[in-house]
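Each of the next two complexes has chain A plus one other chain: chain B in the first, chain C in the second.
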Partner chain A sequence: MAKSRAFDVRRQTGFVPIALLCFLVLYLPIILLVVYSFNAGQSIAIWEGFSWQWYVKAWQNEKVQDATILSLIIATSASVIATSAAVMAALATTRTRGFRGYTFVFALINQPLMIPEIVTAVALLIFFAMIKVATGYTGLMYLIIAHSAFCIPFAYMPIRARLQGMDLNLEQAGADLYGTPWRVFRRVTLPQLWPGVLAGSMLAFVISLDDVVITEFVKSAGQDTLPTYMLGQMRRVISPEVNAISTALLAISVALVIAFYLLSKGGPQKNRE
Partner chain B sequence: MAQASDTQATRRRWLLLSPALLILLFAASGPLLIVVIYSFLTPGDYGGVIWKFSTDAWFNVVVERDFFDDTLSFSDAHLSIFWRSVKLSLMTTLVAFIVGFPTAYFIATRPKDKRDIWMLLIMIPFWTNLLIRTFAVMEIIRNEGVVNSLLIGLGIIDQPIQMLFTEFAITLGMFYVYLPLMVLPIYAAMERFDFSLVEAAYDLYASRWRVLRRVIFPIVKPGVIAGSILVFVPSLGAYVTPRVLGGGKQLMLGNLIELQFGQGRNWPLGAALSITLLAIVMIALIIYVRAAGREEMSHG
Partner chain C sequence: MIEISGLSKTFGSGANAFTALDDINVEIRQNEFFTLLGPSGCGKTTLLRSIAGFVDPTSGSLTIEGQDVLPLPPYARPVNTVFQNYALFPHMTVAQNIGFGLEMQDRPKAEIKQVVGEMLELVQMTPMADRMTSQISGGQQQRVALARALAPRPKVLLLDEPLSALDFKLRKEMQIELKRLQSETGITFVFVTHDQEEALTMSDRIAVMSTGRILQIGGPKDIYDHPAERFVADFIGDTNFLDATLQSVDGEVATVTLPSGKSVAARAVQGGNQSGAVTLAVRPEHATLTKESGLLDGVLQNIVYFGTDTHYHVTLDAGSAFVVRKQNQPNAGERFEVGEKVGISFDAGVGQVLRD
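Moving on to the complex of A and B:
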């Protein structure tokens, strides 16, 4: 088909096959995982008929139930905390002239993206061990705070992008009409900012839900989330239950990411071409 | 008057920033300082530390003391793990580039309204759980996995090929999970590329390979450097992928660090190794910032 057209300046030999192979490689393992989570047999290679049994088994497994509840509690709390902090930080750092300390603030907010997770995990293990000895508290707050911290840059990015594309005039008008700063924020800024906030909180939720390394190091005994429970199961013999849990988690992540994509696509900062 | 409103604005700004900064200082940046302190302490018998100054941990990063006669020698175990970490991370970066560059090129040459969808297809795996993607790779290359079953079924081999728990498995896994990080910045650099430059080159009788190397590549080079750093850095600090696909046999730096906090019970050594890893990552980032800066200078 390409040959019948005139000379195509964009063509490079072999690039299209490599690219298509790349997409195949990206999706094939995941698709196989999903398909075989419905397999009646134990194997990932031999199809023995359709069955829900691994989902039922996983659902009835008390450890999986506990881990699911814990994962949801942590992801929800971390997402709410990180998003609230990120909204405030974004309001302070966008639409303003550069200020003293900006580089420091920016580096600090983005630090979780740059430092290897294992290093942060070790740092938190040591630091929280000191606090545990000093206070005797071994509850969930350690995990919630740790998750909130590394979720902040993910919540911050879409909120900042949304703020940068927003019209300052409306807020100015609100202030001119004697709106208090809080009222202007709630009635003028927030409604416009909302898609960014929603997108940011969803990203934070996914990031928290998927975390393994930091959770593995920070958790106290009996505080398994779904990913750390699965990591513990990944020894030589793996029950297809793990396939079923993986598929469920995948479904949540994919749904949220697609929602995020649609939300950020509809934003006003995107100039229409 | 203007002075007063300026101070007020500054106060308001830092007030707004304080929750984010406090959380990050408390649970991300601050604890790093404690790691530095711990690397200069003496290990406790059952984990933890004794508050006594010591530089042993830093020596132990590369040197080991003989148990019987106290002679010092290079620690082969640690050096080979360092070497493996760097080697596998470089290989991962290289393979990711070989596959990622044509893919980014492919997406950037699609019609404008289709590009976002292709990019979404690249990003969906990235936003799904890293552990699950690693696990998916494991299921493919296991002895009872898809590849071996297929090859045995076709009669090509009669014994499964041991792929899991090898360096190959780790490299494949890291390539698989970090590939989107290579495609993303190269695509971003290529999307704005002006193909009339390529036309001009063809008018001057350049070959396709020459166009690629002399016209396209120099312009998207910052994207390639960014992508390489984005793949290399997490590969170097990888923990989950080598643990699951290396099966505790082929350790990388991340696993060596974890070992010191588990069975090894040598927290100061674990702390020193963490700081070493951090230092290598920082050097890589500085090289990147320099390179990106120089690119800007030469094009600006």
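Moving on to the complex of A and C:
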């Protein structure tokens, strides 16, 4: 205790008020949003009593239903595609001998994190417009492809971290015991990688669920996801219905985090060290 | 069984090139406990990994029972490895770990179950079959790693310093255990270690390695009593080195003149010089200390008591140091005092002329 005291940031003057202020700025708006989702009145700023009405309204709103289904379809597809790609990318950048241009490839995989989203959005808009003209296809695939692409780095990071922390000897032991590369991957690497894959896919899911900018640019007419629908609503009437939908989204995110925590603790990794 | 010839491995290229294996030639026999002994960085692990298939040699050939295995990936080679850190699969039980190799060979379920049962019994781990590998001790993990590698009945078992993580007592137990397993299974063991005592107690034959080369191959007694090179003599056990002059060589017998001017018969070395200055190696326990003048004379500098034996450090009249080791007896005959003039003698044929 005494030894660490000199470096203990918690003992610096002003630490407590600054920390409280940060938490306040972070969470007070969210708390207010949740509180007003239960408002009995029309306002998102004047409290008029408790009610579930906005949740009921949102639940019964067909547009919200459609947007929710679309959001889930896109987020699930994007999460699956991005995670698969991320697993392959992570294997290629950790399980191969160092190669020329490694850093470049690494940067390429992570580029969506660095390029301004609006640039990607405009680029995709123009690119997909050309394809639309050429093929006449106006379906969901554009959104799924776009979402998969920008979700890859988010899925990639936890998977790569997990792979790097893994004992290479395990895979060699698998190969030594007559396991072909594919079977070693399935029976040794993947079970070890599981928490990383889980974290990566959930991150990708949430990122996709949340996206506005790229979706707004890429979507065809009538293709509204939950966030773009909400944005559209805010432009017209602002009602606590938006609060209710936001609170539901928040609940999904929190549920995912809890699920991940429980799965990675009690899943196949239970006996890791 | 395993024939290795002209095997070399160079890592990197140009100025950064590092030769890990330099023209290795060795034949490992059927059902042999063969040890690769050397300090860290001598290439012993690289050689083992070349046999396993994890290292691609730069040149040379490697056959197992006449079959060229160099083009084969690790999973197609009839060898199994016991890894230094065991590398047990943490997401599988003890039994699943042991059955892994058989499972990968697509053996029938009933057979896998039976062999796993036999292996558990062989390494005395039957009660632990359903434990996860993280729930057993280091010594038990070691046994599981052994059972896992033995279960598919490989032609060769490769062991990469498997005992180095165990404490002293457990290591002694496992040494005996390993010998038992080898004689019970009849599998050829190739064992890597830097521990000379481990090598001497367990091996049928030892290859002493240094800087990517095999310096000497022979039985433990042969290597210990008749080291061919200074490095081997120095690395295995304690040795006195004497500057001597070679008078004549007749087959295995060499006659040398010691710094004291006296001559003695010693063991010649293959491919060594026929005359001139040589180094003579004499083990401390092969020499005796006397009150009278001996082959060598000097002054007793220090007496170090070790319980089982005593080391007498003598400064020879020629200036160099010499250690005599004497086993302690309940009624030790002669007593020596520090500062006393003493003689050192050793029998004809005890000294070994080194190739250097």
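Please note the rule applied: the second predicted complex is superposed on the first by the 235 of 273 C-alpha atoms of A that agree within 3 Å, B and C clash if a C-alpha of one lies under 4 Å from a C-alpha of the other, contacts with A are read in each partner's own complex, and residues count from 1 in each chain.
The rule is simple: a residue touches a chain if its C-beta (ideal position, glycine included) is under 8 Å from a C-beta of that chain, and two chains touch if they have at least 3 such contacts.
Quantities reported herein were computed from a predicted structural model and do not represent experimental measurements.
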* Does chain A have more residues touched by chain B or by chain C? -> B
* Which of chain B and chain C A:V35 touches, first, second, both or neither -> neither
* For A:S253, decide between first (touching chain B), second (touching chain C), both and neither. => first
* To do: Applying the touch criterion given at the start, work out whether A:S43 contacts chain B, chain C, both or neither, answering first, second, both or neither.
  => first
* To do: Report for A:Y178: first if it touches chain B alone, second if chain C alone, otherwise both or neither.
  => second
* To do: Answer with first, second, both or neither: which of chain B and chain C does A:V80 touch in the superposed model?
  => neither
* Show which residues of chain A both chain B and chain C reach, each in its own complex. => 273
* **chain B-touching residues of chain A, taken from the complex the two chains share** => 7, 9-16, 18-23, 25-30, 32-33, 36, 43-46, 81-82, 84-86, 88-89, 91-93, 96, 99, 105, 108-109, 111-112, 114-127, 129-130, 145-146, 148-150, 152, 156, 203, 206, 209-210, 212-213, 217, 227, 230-231, 234, 242-243, 246, 249-250, 253-254, 256-258, 261, 265, 273
* Sites on chain A touched by chain C in the complex -> 167, 169-170, 172-181, 183-184, 187-188, 191-192, 268-273
* Asked: Which residues, counting only chain B, touch chain A once they are in their complex?
  -> 10, 12-14, 16-17, 19-21, 23-32, 34-35, 38, 48, 98-100, 102-103, 105-107, 109, 112, 116, 120-125, 127-133, 135-140, 142, 144-146, 148-150, 176, 179-180, 183, 195, 198-199, 202, 208, 212, 233-234, 236-237, 239-240, 243-244, 253-254, 257-258, 261, 267, 270-271, 274-275, 277-278, 281, 285
* For chain C, which residues are in contact with chain A within the complex? -> 52-54, 73-76, 79-81, 83, 85, 87-91, 100-101, 104-105, 132-135, 148-149, 152
